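Several structures are given next for inspection.
Both complexes below contain chain A, partnered by chain B and then by chain C.
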Partner chain A sequence: MQTVGRTRTHFLIRAWTTFVVLAIYLPIACGALAGLSKGRYFAFPIRIFSTEWWGKTWDSLEIHVLVQNSVLIALIVTVLSVLFAFFGALAFARYPWKGRRAFQRLLLLPIFFPQPVLGLALLLWFNALGISPTWKTAVVAHLVWIVPVVTLVIAIQVFSFDPVLEEAASDLGASRLFTLRTVTLPILWPGIWSGALFAFLLSWGNFPLSLYTAGADSTIPKWLYSKMVAGYTPMVPALGTMSTLTAAALLLGGGLIRLLLRRRAELREREG
Partner chain B sequence: MSSVAASSLPDSSAATKSPRPVLQLVDVRKVFDGFAAVDGISLDIEEGEFVTIVGPSGSGKTTLLRMLAGLESPSEGYITLRGELINDVPSNRRPTCLVFQSLALFPHMTVGDNIEFPLRVRKMAPEERRKRALELMAKVRLPEDYYAKNVMLCSGGEKQRVALARAFAYDPDVLFFDEPLSALDYKLKKLLEKELKDLHRESGKTFVYITHSLEEAMVMSDRIGVMRAGKVVQIGTPEEIYSTPADRFVAEFFGEVNIVPIRRAEGGWVRRDGKPVAVASGVSIDGDEANVVIRPEYMRFVTHEAGADNTLSGTIFNEYSLGSRLQYQVRSRTGRTFLVEVPRAAAWKGDGEVTIGWDAGNAIVVGG
Partner chain C sequence: MADASLSAPAPKLTSGFRASLPVLFLLVAGFLAPLVTVAAYAFATPKSFDVFRSFTLQNFAAIFDPNNTVWTSFVWALALAFACVAILLVVCYPIAFGLNKVFGKWSGLVSVLFVFPLFVSENVRLYGWVLFFIKNGVLDGALKWLGFSGGPELLYTPGITLFGMVYVYLPFMLFPMTLGIAMIPRDLVDAASDLGAGRFMIWREIELPLAMPGILIGALLTFVLSAGAVAEAKILGGQSVITITQDIEVAFTYAQNWPMGSALALILVLIVSGLALTAMARLDLDKILGKR
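Take a look at the complex of A and B:
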């Protein structure tokens, strides 16, 4: 009885996960295929396959500028949002203070606010302040939306941090800075790392905020959209695929670095 | 830490007694939101002493310890260390170290890194640090190959030893312990209690230990302080606390006791039922009400051959084996329950109707 039940459970698990993975990856695969078409227009089935548009995308100066913009924005957003979010997460999850609950609720709200409206609001705000929108204003816009998300991600790690460890460090003579460097940060590091990855990827893929607030500067999602609206070439799916692959590589790289660090720690442990 | 090592070292706890206490508390109070967790404690702790503060949870003992360690500052009163006021000296500037209840080992570090932490703070050279850590590991009986072990992979007892070694690495004048043994199983606890006592004797350092377990306190301490509702009710040697508890609370805290309420009457003391009570001479009690405290081992079955100063009759309704001893629960005519503990050889052989009693010299009279 039990084995039969378990076999059926396993079958259901497999069927379900296969369905989910297919549902997620099939559209992406179709998009990727579209970039490999020799034809100028988006049509299925693809008659002749070619890497021509991949090559063109790779060599395009316009695309280089786009990628540069996107990388620059994402990197700055990552650094700043982790900085803001780290201390925010400490306030969120580490210290008991009056108004903490209100802070926790208020922080969540912007995540649910529709991004196009947020983008437009920010644009109006920049105009009112007399700031003309460029990639720099896009950084600010991204931060408004991404800092709360990263704060949540880091806060999850902070919740599991035992504050007694900081007291113990202090009791053993450590200054606050020494404690932060040797106890708090290393223990929170996985959360910070995840937060940084989240920040980069959310900024990298963000379209609605960039659309309104980047002004004349373009980012990858913004360019993709404008080309879809007018002037489609298979460079659109090609760039889309490249962008996805880059993100995947980043995630994979992050995981790999963590694995290597753990290996090294284990090795050091074994050697003594 | 073995008995051989311990005996080869001079008994420094006795040798280094200074005229001035190492730690002195004067009227220390700690108030949280209008609630006095510690409510006026004055206490002198001598150099090299092992003092245990015992009390039920919520009695303020942890708050007291946190103030001594510098993790809280007192609302009122003074704490001095070797004559110097340390009320507001932060924990990292105090030559004291606390072993936390949770041990607070750094989970991302190896055993060696944990022990070396205070040495790293002092910027000791890595080679020297390692040497010292290995010395300390030997002292607390941790195998040398644990040096590179992930501390989270250690067993409960091993973690205790790591926490102890780390505290010793700091080389504090006074060590504080916040019930570090409470999570361990009985056998291991007994072993570590003895080892801790040995470590105390060897090191000559002052230990202040808090626990809710009187048994633990009795085994290790030179002096025991009993805390209740933010105050120290009584402080004295284990013997003093055991044999002459200051009041009913202390008496009951030290384990199972029989309590007989008494009141003053013409020509002496009487029980509630009006029967006169024989009280040991020299007992002086203020007020007209008091309690006679009789430990179960001093309560016995009264027969024609063996009488007692005080007697009462009742019915046995329970019998427990305590190993080498037997304990009986006897319900008196007035419905009170009494405990009688006798050696196994003296097991009660008669029927359930018994007369039990105690001698005046074995009873303690405490105030209401």
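Take a look at the complex of A and C:
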């Protein structure tokens, strides 16, 4: 009786999860469909499929600028946020120090904060400083939100790390830098890698912060929004789909590299 | 050790404090300072840019004026946020439970499927729903093709705004909840079961209290984020509902009334951060993130 009930519950949980996953990807699929239909206006079922709008999007000079902006912002955000978050994670999880609990809470605040309001507050602050918003201010805005996320991602890895290893290295006479390079970093690599991947992808897909803090410069999500509000063209779903596919490819590639990193670390551990 | 403390009267920087400095700097310059600016603007002369030079309560007086209808935006934003949290608790619990106890080796893949949408900007995903629900869109077109008279008109209503919020913030509920359920020790459940506790009793007396920190974080996070949401109401809701963030945005952009926008933002931030800080004070982050 017990097991029958259990099997049924498990079946229901599986069915529900499948349903929710399908619902999550349904709008993304709708966008992909709309980008591949031939007409100027979207109508379902699609009569003629064509790659016309993909071609137009691919060739558009305006969109080349957007992609450059988005990539540039995301790359700078990735590098800077990993640097910030590496030390932040050590402070968060590795060292016992007096202000640690307060630091942990402060770090969470930007995550627990509505992003549109954060963007508007930053806009005010840049203005008070006399800085006119460009893609550079958007980098700062992205960092305020992404550094805490990346810090948490790396901190989870730091929690699984035994500080005794570092102490042993230093007892055996290793310098601080040498310990960092040969003990700490190899153990933390998977976490750092995940953090970098998160940073790039979150910056790549960010809309509310870019909307208010990038000034006249546009990113892919910001441009898409301006066209959704006024002046739909099938380039909107086409570019949206391209952007989604890019993110998917990066996540897949990044996941594979992470797997390799972990396997190498395990091998090293076994060898000794 | 004794020498160091004698020869260094200045407070000694611990390794932890030193490591926290870059992030602290970023948060002070990029998070606290903007909030202080907002607070300062909230007390500036309306429709001026006299920040730090004038002090007046006129903005707040205007907001609390009974003739001002801005309170409806607050009510809408908070009501939608409450509803969103309530729906997400029900939607996510079975999935979070499944990720911990049912899916086994598949749970990694399932998690990735739920994480990935976070990397697609919300306007793209919401616009996909517009294409689904719009006249001659996927739903309407498919129903007509099957011989029905067409789909229901769901777009541009408060209900669809709520739907959009539930959709966008689902991962923010799911993952903290999953971490929470992971904190339930298996042997405790087995022990209770051996002692004859029923399924419902185990859930109420053991699983729910132990998973509570994670559930609480998820509820808080989704509440805060959806209380400040604006894209859902604009893209899916067609402005049938004006949320408070939209009022703030209008004051900052078209109306060029930064002091008014700041006063509204300050009230929202106080509501939201008051909630966040009280709940956060009771949580042990080390334990939730898996410190051994």
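For the reader, a short list of remarks on this structure follows.
Basically, the second predicted complex is superposed on the first by the 241 of 272 C-alpha atoms of A that agree within 3 Å, B and C clash if a C-alpha of one lies under 4 Å from a C-alpha of the other, contacts with A are read in each partner's own complex, and residues count from 1 in each chain.
Methods note: a residue touches a chain if its C-beta (ideal position, glycine included) is under 8 Å from a C-beta of that chain, and two chains touch if they have at least 3 such contacts.
None of these values were measured; they are calculated from a predicted model.
With both structures placed on the common chain, the touch criterion links A:175 to chain B but leaves chain C unconnected.
Taking chain A as the reference chain, the count of touched residues is higher for C when chain B and chain C are set side by side.
Of the two partner chains placed around the shared chain by superposition, neither chain B nor chain C is touched by A:254.
Contacts of A:87 after superposition: chain C is touched, whereas chain B is not reached. Shared-chain residue A:183: touches chain B; no touch with chain C. In the superposition on chain A, A:165 makes contact with chain B only, while chain C stays out of contact range. Residue contacts after overlaying the shared chain place A:215 against neither chain B nor chain C. Interface of chain C with chain A (complex): residues 14-17, 19-24, 26-27, 30-31, 33-35, 37-38, 41, 51, 91, 94-95, 97-98, 102-103, 110, 112-114, 116-132, 134, 136-138, 140-142, 145, 167, 170, 199, 220-221, 224-225, 227-231, 234-235, 245, 248-249, 252, 258, 261-262, 265, 268-269, 272-273, 276-277, 280-281, 285-286, 289-292.
Put simply, chain B touches chain A in their complex at residues 69-71, 90-92, 96-98, 100, 102, 104, 106-108, 110, 117-118, 120-122, 145, 147-150, 166-167, 170. By the touch criterion given at the top, residues 5, 10, 12-14, 16-17, 20-21, 23-31, 33-34, 42-45, 83-85, 87-88, 90-101, 103-118, 120-125, 128, 140-141, 143-144, 147-148, 151-152, 155-156, 159-160, 201-202, 204-208, 212, 220-221, 224-225, 228-229, 236-237, 240, 243-244, 247-248, 251, 255 of chain A touch chain C in their complex. Across the interface of their complex, chain B is touched by residues 162, 164-165, 167-175, 178, 182-183, 186-187, 268-272 of chain A.
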